[in-house]
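Every chain is named by a letter (A, B and C) in the order it is written, and numbering of its residues begins at 1.
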Amino acid sequence: MSGPSTYEPKTGFTKWLDARLPIVRLGWDSFVDFPTPRNLNYWYTFGGILSVCLVIQIITGIVLAMHYVPHIDHAFASVQRIDRDVNFGWLIRSIHAVGASMFFLAVYMHIFRGLYYGSYKAPRELLWILGVVIYLLMMAAAFLGYVLPWGQMSYWGAMVITNLLGAFPIIGGPITEWLWGGFSVGNATLNRFFSLHYLIPFLIAGVVALHIWALHVPGNNNPTGIEVKSNRDTLPFHPYYTSKDGFAIALFMVIFAFFVFYWPDALGHSDNFIPADPLVTPALIVPEWYLLPFYAILRAVPDKLGGVLLMFGSIGILFVLPWLDTSKVRSMRYRPLARWFFGFFVIACLGLGWAGAELPDTLVPGLGALGVDFLLLGRVLTVYYFAYFLVILPLLGFVEKPSERPASIEASVLGGSSKSAPAAAPAE
Amino acid sequence: MRLIRTLFIAAAGALAAVGFASAAGEYRKPEPFTFSFDGPFGTFDRGAMQRGFYVYQQICAACHSLEHLAIRHLGQRGGPFHDPAYPNPNDNPVVRAIAAEYIVEDGPDEFGEMFERPGRPSDRFPSPYANEQQGRAANNGAYPPDLSIITRARHYGAPYLRSLMLGYGEEAPDYIDLRPGLYYNPYFPGGLIAMPPQFEDGLLEYADGTEATAEQMAYDLTVFLHWASDPHMEQRKQLGLMVMLYLLILCGLLYATYRQIWRKVEH
Amino acid sequence: MTEATQTNGAHGEEPSRRDFIYIATGGTLAVGGAFTIWPFIDQMNPAADVLALASTEVNISELEEGQEITVIYRESPHFVRRRTAAEVESARDVNVASLPDRDARNFNLGDGAPATDENRSALTAEIAEGVEIDDALRASLLVTSANCTHLGCVPTEGAGDYNAWFCPCHGSHYDTSGRIRRGPAPENLSIPIMTFISASVLRLG
């Protein structure tokens, strides 16, 4: 899709540079004159939003590392000192903590958008897989970071998650001890988690570069799922999508700032303001909201190893998704059945999150009369989660009759077909 | 697309529900109470903070530490004894006088001995116990928690603390086994608390003439401890207002720019 | 792309309106960016707890004549010396105009005070209310930073041309008033804020 470069160095210096290190050309071809489908809606702005989130996390994280002490006797107090005594420490820590949630909020929008418009399908399988790698790295970074304040949730979260690996036969025990650097979660664990928490964002940045590279070979997918056919289907990235992304980023910042300034503790857990105590387990151990669905899947299985495998499988399945979906049509805009199953899938993910937040034997409000507790809810939704990938998407390609699609992106924009009208609406 | 939008709204709702509804254990929800620090423009009630600090000193400090706070924090911007004339809280005479009332351990001196001296504003509040074991031994095995971040460390925050302090005196339900040394308090998770009731009307005499009813003391203490938990709250909300206004203006301008650029493009 | 080009004459006002929107947006972004940077710079300044510890109390009652102790004030060493009468005498005999650095470098006095020995000794210290302290003792006390003004090494006591302080790193000689006399150091050793809070305790900062 990316045609010949349109960059023309004008001054003597840029010509000199371009002959030796064509970095300006790279930037120009990737972010200025890059041909982008003209019909991208606001769901496509989350890529830009995520880049901003990554930069915010890295900058605030580097700053926090200047004041944080990775030692079990000082970690909690050093975080308190950041909140109380470091100049603007309360602000920077709040941005970092809320930023983690915002990062996941944006990445979920990004992932669901990819699922709905079929962005994982050929020729974008690698682009999708790199995205899943980024998501895995994000979860690792988030988990490691949550341990650092060394509150009760930090300690017991680390305990529960590291013990997951103990489920594997034979190697489980040695691996867990290797991870801990001791016989339990302790100072050695905290130190290495800090080191790795500092490392992972830079790995993410590297994979993001690959992700963007892999995006720029086939070019963007778009809400119609139809490939670009002529230059009438596209617009240069700048100024069209820089301005659209810029507006979306600013809007996202409003939500971000609302939490930072008015509700900083809403996305965290009050138990993490109690210093870690290896003798007392909190009444309810829950991960951060963005990991709750996986926690529910873990608990859905009565067997320890089975639960762990299923939980890892729930993410692993995303790697093979491009080959599970058999439909020839990319966008669910033209897949009347798949849309419904996708809708239920989103609801299932939210439901799993809810189930993960509650005690397993608590009755579900509204369904209590039927004897449905959160364990059962979690199990039903886990089945649907896997069925969506393993049964529904593979079969739907054979069963479903896609609706009529426009001839091209240009036709979908100018043709004013009734199906594309709602998609254009949010852009207005 | 409409489907997705509906789902998005549902997602936001579910997220909020998860945020609220993850209470653990069997205990009564705290009595609703409106504090002056609630809401986006909330500020601390300065008189209540000062009285609350007095309540802490006179009653709580015997068992509860305030380990993440230094005495100087009382005089910092937003603190109970802040005085704009003393931007450095170490110079604030009220704070200095409070500090001087404490005896703190310092040292070692040139002979290697620890010694005691009057407190200075830069000192932390001395802990009532040398270590956790001593605290447990003195309290039937129950360690009185540190109060520095208490309202942020409890699920319902400030209203919980207020209700807890006033929550004694009810008859314990039958299923609760009231062992000696424990008290029934429906607001405490599990209902059994090792802390005896602390407040009764007229227990203290406030310097500002406010009548020290149990209700008043619980309110004052809650305000003080909420400040201690979140000392930059006022600054945070003030800055937040400016940031939100800025972002809304920026959103407007960026939207205008976006529309201007896309004006002639069908999309 | 052709649709995007300006062709309609009815929009004659457009360019200025358009420019205004772009400039206003760019300007707003620039201002917001500038304000955003500040917290990230300010966080590296000394934190409130560091500033709060910025005072040190020195017990001077047990200091013998000619004895020197080193105390830590604001995380750096400071000399506290009770000088002998001869040392004070020799420091006072110096013509200030002949010094490499004529400024007293005394935070109790501020910039521009001449570098006389009186202006460098503890005579410049504040005396807390109700404290009585002997003038001769105050004149004999000298408190200075122990970091050479050249590159920060700690000078050796009782050495160099003036038998006072000599910096071994690059050979700076200081006199009995802590003033630079010879060598690469540009300034006299600085003198911190001092207060006699009792007859036996001098507070720095």
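Here is the rule we go by: contacts are C-beta pairs under 8 Å (C-beta built on N, C-alpha and C of every residue); 3 or more make two chains touch, one makes a residue touch a chain.
Everything numeric in this text was worked out from a predicted model, so none of it was measured.
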| item | value |
| --- | --- |
| Co-neighbours of chain C and chain A - touch as defined | B |
| Contact-richer chain pair (by C-beta pairs counted) among B-C and A-B | A-B |
| Centroid distance [mean C-alpha coordinates] between chain C and chain A, Å | 50 |
| Intercentroid distance (Cα basis), chain C paired with chain B, Å | 38 |
| Chain A-chain B separation of Cα centroids, rounded to whole Å | 34 |
| Residues of chain C engaged with two or more neighbouring chains | 48-49 |
| Residues within chain B bordering two or more other chains | 250, 254, 257, 265-266 |
| Multi-partner residues of chain A (at least 2 other chains) | 81, 84, 91, 235 |
| Interfacial residue positions of chain C with respect to chain B in the complex | 3-5, 18, 21-22, 24-25, 28-29, 32, 48-49, 51-53, 55 |
| In the complex, chain B residues that touch chain A | 1-5, 7-8, 10-11, 14-15, 17-19, 21-22, 24-25, 40, 67-69, 73, 145-146, 148-149, 152-155, 157, 189, 229, 231-232, 235-237, 239-241, 243-244, 247-248, 250-251, 254-255, 257-258, 261-262, 265-267 |
| Chain B-touching residues of chain A, taken from the complex the two chains share | 38-39, 41, 43, 77, 80-81, 83-84, 90-91, 94, 109, 112, 116, 223, 235, 239-240, 243-244, 246-247, 250-251, 253-254, 257-258, 260-262, 264-267, 269-271, 273-275, 282-284, 286, 289, 292, 333, 339, 343, 346-347, 350, 353-354, 357-359, 413-414, 422-427 |
| In the complex, chain C residues that touch chain A | 1, 39-40, 42-45, 47-50 |
| Contact set on chain B toward chain C in their complex | 70, 72, 76, 88-90, 120-122, 246, 249-250, 253-254, 256-257, 260, 264-266 |
